[in-house]
Amino acid sequence: MDYVVEMLNIRKEFPGVLANDNITFILRKGEIHALLGENGAGKSTLMGILFGMYQPDSGIIRMYGKEVHISNPNVANALGIGMVHQHFKLVHNFTITENIILGMEPKTGLTIDIKSAAKRIKELSERYKLNVDPDAKIEDVSVGVQQRVEILKMLYRNAEVLILDEPTAVLTPQEVNELMNIMKSLAAEGKSIILITHKLKEIKAVADRCTVIRRGKLVGTVDVAAADESQLAEMMVGRQVSFKVDKQEKEPGEVILKVENLSVLSNRKVLGLKNFSLEVHAGEIVGIAGVDGNGQSELVEAITGLKRVESGRILLKGQDITNMPVRSRIRSGIAHIPEDRHKRGLVLDYTIADNMVIEIYDQFPFSQKGLLNKDSIRSYAEKIMNNFDVRAGQGADSAARSLSGGNQQKAIVGREIELNPELLIAVQPTRGLDVGSIEYIHKRLVDQRDKGKAVLLVSLELDEILNLSDRIAVVNNGELVGIVNASNTNENEIGLMMAGIKKGVEA
Amino acid sequence: MKLRFRIHLPKTTIVSLLAVVFGLIAGAILILATGNNPFEGYSYLFRGGLMNIERVGNTLATSTPLILAGLSVAFAFRTGLFNIGAAGQMLFGGFCATAVGLTLNWPKAIILPVMMIAAITGGALWALIPGILKARFNVHEVVSTIMMNWISYWVIYYIIPAYFKGSYLETESRQLPHGASLKADWLTHLFGGSYINLGIFIAVAAVVATAFILDRTVMGYELKAVGLNRYAAEYAGINVNRNIVLSMMIAGALAGLGGATLYTGNALSMQIGVMPSQGFDGIAVSLLGSNSPVGVLGAAIFFGILYSGKGFMNAMTRIPPEIADTIIATIIYFAATSVLIERALGWLKQRKRGA
Amino acid sequence: MWTIIQQIFPYAVAFTIPLLITALGGLFSERSGIVNIGLDGLMVVGSFAGALTIYKLQPMMPKGAVWVGLLAAMAAGLLFSLLHAFACINLNANQVISGTAINMIAYALTIFLARNVTGSGNIHIVSGLVRKDVPLLSSVPVIGKLFFSQTYATTWLVLLILVLSWFVIYKTAFGLRLRACGEHPHAADSAGVNVYGVRYIGVMISGAFSGLGGAIILVTYSGEFTGNVAGLGFLALASLIFGQWKPLGILAATFFFGFASTIANVSQVLPALAAIPGVILKVFPYAVTLIALVIFSKSSQAPRAAGEPFEHGKR
């Protein structure tokens, strides 16, 4: 049995958290090996060690039977290990060629030999069917192309072991299939691939074996063919997990949100949302499905007032709010669980208490005549923390920064729901959370719907959309592709729509 | 976080105190290196600031503009902005107060408040431009406030000789009459002839007011939120641009007030061609005071002692007075690199636990 | 009009060159990702080191003392900048505060030390550099008189450094890595680039260049160390932003400031300009900088990661 990589009894501790606790991971030549675990389980840390970004506190690594010390990414590269990170490590204003050769630039004399580099890249891209234009700047190409550049970076360095960290988060289902084909052909050529993921479907589709990690500890390594999804899920979480959400049938009520022919500019001064129209009724969840960057952010920012509208209207319960300031929209009944809880959702250096009133601090009883009433603020925050299971070291006086991601998100969800809005907008509400928190938040969202609220759910996780939504609107390139009922559609159909192919048309 | 000393102090205070200690040690080494006796030097330095009631008064007077400049920088910093322009705001605010004092002939009880209002307005106006540039165009306030410093410098350079020329020197304005200055006879007598004046009361009142605004008011809540995370503030409906401008204006107002204490209290005239160093010392004071109003008060008084005493030290030994500036600068370096001190503290804690 | 330009030109150049070299230093630092507002203090350190060296050496070696002094200034600036580098790179201190601390220490320390040498704290050097004509080129009509007559040797040194800097930043591997560290240090880190090392080099270059800038002022038009460089270091910073972090842009920006300041200084003497109120001319460079900052704010080419602390291994 030829083992390409052996990571034996690896232990790694960061301040406050034991990321890897005595983990053993073995990679065979030519296999696709999935590394499965919840968010925060320790998968990225383990691979970071393999790639030389961190040093293990104890344990050894062997390659082809020989012990190695991987002290930095250069050493990893020299050993033939390459990594594609979840957040791309590409310099925005460099060309594709410059990004690929960074760190091992071919030289003639003192200058960089750009020409020979571009030539080699073209050869590689043709051989592995990863088509790119070597002279294009990264900021000008699509996310899918950027990912190909990351893979080319590894191949340029003659990597034999390829680590892919959550590669499919940014791809349509069709692009995911393409990626899986690329992975299979690379494996067939003798490359060994480690796939870090928490997506069970993909593991079943492409992996040979799967190692499961939970809370820093190794749970086990299984043959994928022999295990089914619910087994893998149980290993990952430690208990039975049901993915279905309990949803009663409900008759939707009046129209709460009406978006009419909305066009919004993106950050790059072109139209990010084009002529978009949608209605959300009371007592329903409408999910927006689409690949990241196809207009969802622009839609949410326009509705919440964070971005100007170029043309079209937004109506809340019949009232035109298209040009209303943010605070007025909040008062009119819109609540927003933002995409990025650290950027928009919380002031991390404020206490939980101060964060819980960030939209209402200027109202009685939280303040009077310009002076804050700290006691009222604190008891309000404690109420939310109780109702929404938010755990923090020092209660409402804890700094928001000190809470775990899951608790931070629950606090935000609690704050927004406590506003008792007519329209609740939830963007990526469970990103980066452990399964327990995900279940909890899903329940609360359905709860709001059952209470007769209108919920607009934007998510990149197709499963989440399919599970929770009553209706699904698919967006591609800023345009509405179609709206379907969740009950009579499937992932394949949505996937095609996400790629721009309208319902009823042959792919 | 508390350390197990006899006194419980917040971590930032300990860091500041240690920075002071390290700065003093560095100063001592420097004094030694130039062939002088550090103990002698420091003894004269501190006695120079505190030895008798007159000197205490002088120390308080020296501290007064430092307190206000420090508050200015601290306030801006708490709300997310670097106010390097305190010097220019002090100049302009001080000028506005001086201009009113030299022009209007009103009784002291009326003209003094008017002068202070003029100073506040002048300082606020001077900070308005960097504030708007930051809010609307995201121009970094470090560069814009430095530019405003030089503009202020040259405006004063030309305007004083043109309209307020002193009778003795080309480079100085007319003297303010006693009835339009912050000087108060009873105070001067109380402190044995020192140049202490009403400015110290203004400064302390400003400390209280700043602390109150930051901690207890809705306005303070909004300003801090914008400073800590403008995206979250925007998301919650807080008007970010308005608050950035407001914050700079308040910072400018505080600095302007500091200028008034400097030019209508400590001194009675303005000199052209001099950029008030207190403006930059305000940055040091704010840093050392951990950007809190009470900390600023403490740090400013400490600096006041050093500045007040350095002349005495220079007279009694051969140590150049710039040692005080060097010590202060070194303290700032240590305060800026407080991580080092924090790590050392953490390492000490580990040793205690493990051993 | 032309004669006015001819007359002012050498003075404008003399003012521009120290600004240019300092701004180039700032360029290397910021391109690597470290904001350095301590350029002014580093210039003062260079001015001090240069003055002290020349003061001591000139009696012994009148010919070469100036050049040794310039070298000493570069060394002093480089060493002093290590304070900033250590604070920002190893300790992740706030870079603006550290730069401010550098300025404060520089002003205070240099005067303190200078007072121990000469009681007043000013160090006067007997002779600096002499203006010379460039052989051959100065005879060329029109531009010969303008560009190649009565120039300082340091002018050509700095222009050479400018060309080399452009080459290094855009054509060499080091330059690519430098720019990567300033735009996306994590990308550079995972490509195996030693981000800490590159940033140290960037800051040290800014120290050496700024020190040289301060010393050039000393040996060309000032003649003595006075404890400050009239805020030129901050003007260099503004030039860096004005020039959009590009060597040629910086050349244009510093030249503009050189000309504007010189015009302001000589306005009394020239009848055409004497009519403009002095305050307008003095304030002009600063006001224009503000306007330029506004104009360039939308399309700012600032290195994206400049000012942000970098920790190896943090995702």
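Which chain is which? They are A, B and C, in the order written, and residues in each are numbered from 1.
Please note the rule applied: a residue touches a chain if its C-beta (ideal position, glycine included) is under 8 Å from a C-beta of that chain, and two chains touch if they have at least 3 such contacts.
The model shown is predicted, which means the values in this text are computed figures rather than measured ones.
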| item | value |
| --- | --- |
| Chains contacting each of chain A and chain C, listed by label | B |
| Highest-count interface - the chain pair sharing the most C-beta contacts | B-C |
| Chain centre separation (chain A, chain C; CA means) in Å | 45 |
| Chain A and chain B, separation of their C-alpha mean positions in angstrom | 47 |
| Distance from chain C to chain B - Cα centre to Cα centre, in angstrom | 29 |
| Junction residues of chain B - those touching two or more other chains | none |
| Touching residues on chain A, where the partner in the complex is chain C | 44, 48, 51, 53-54, 72-74, 77, 83, 85, 87, 89-94, 98-99, 101-105, 107, 110-112, 153 |
| Chain A to chain B touching residues, read off their complex | 304-306, 325-330, 336, 338, 343-350, 354, 358-359, 361-362, 367, 370-372 |
| Residue ranges of chain B touching chain C (in the complex, touch as defined) | 30, 34, 82, 84, 129, 133, 137-140, 142-144, 146-148, 150-151, 154-155, 157-159, 280, 283-284, 287, 320, 322-323, 325-326, 328-330, 332-333, 335-340 |
| Sites on chain C touched by chain A in the complex | 171-173, 176-177, 179-180, 183-184, 186-193, 304, 312-313, 315 |
| Complex contact set, residues of chain C against chain B | 37, 83, 86-87, 91-94, 96-98, 100-102, 104-105, 107-109, 111-112, 115-116, 121, 231, 234, 237-238, 241, 277-279, 282-283, 286-287, 289-290, 293-294, 297-298, 300 |
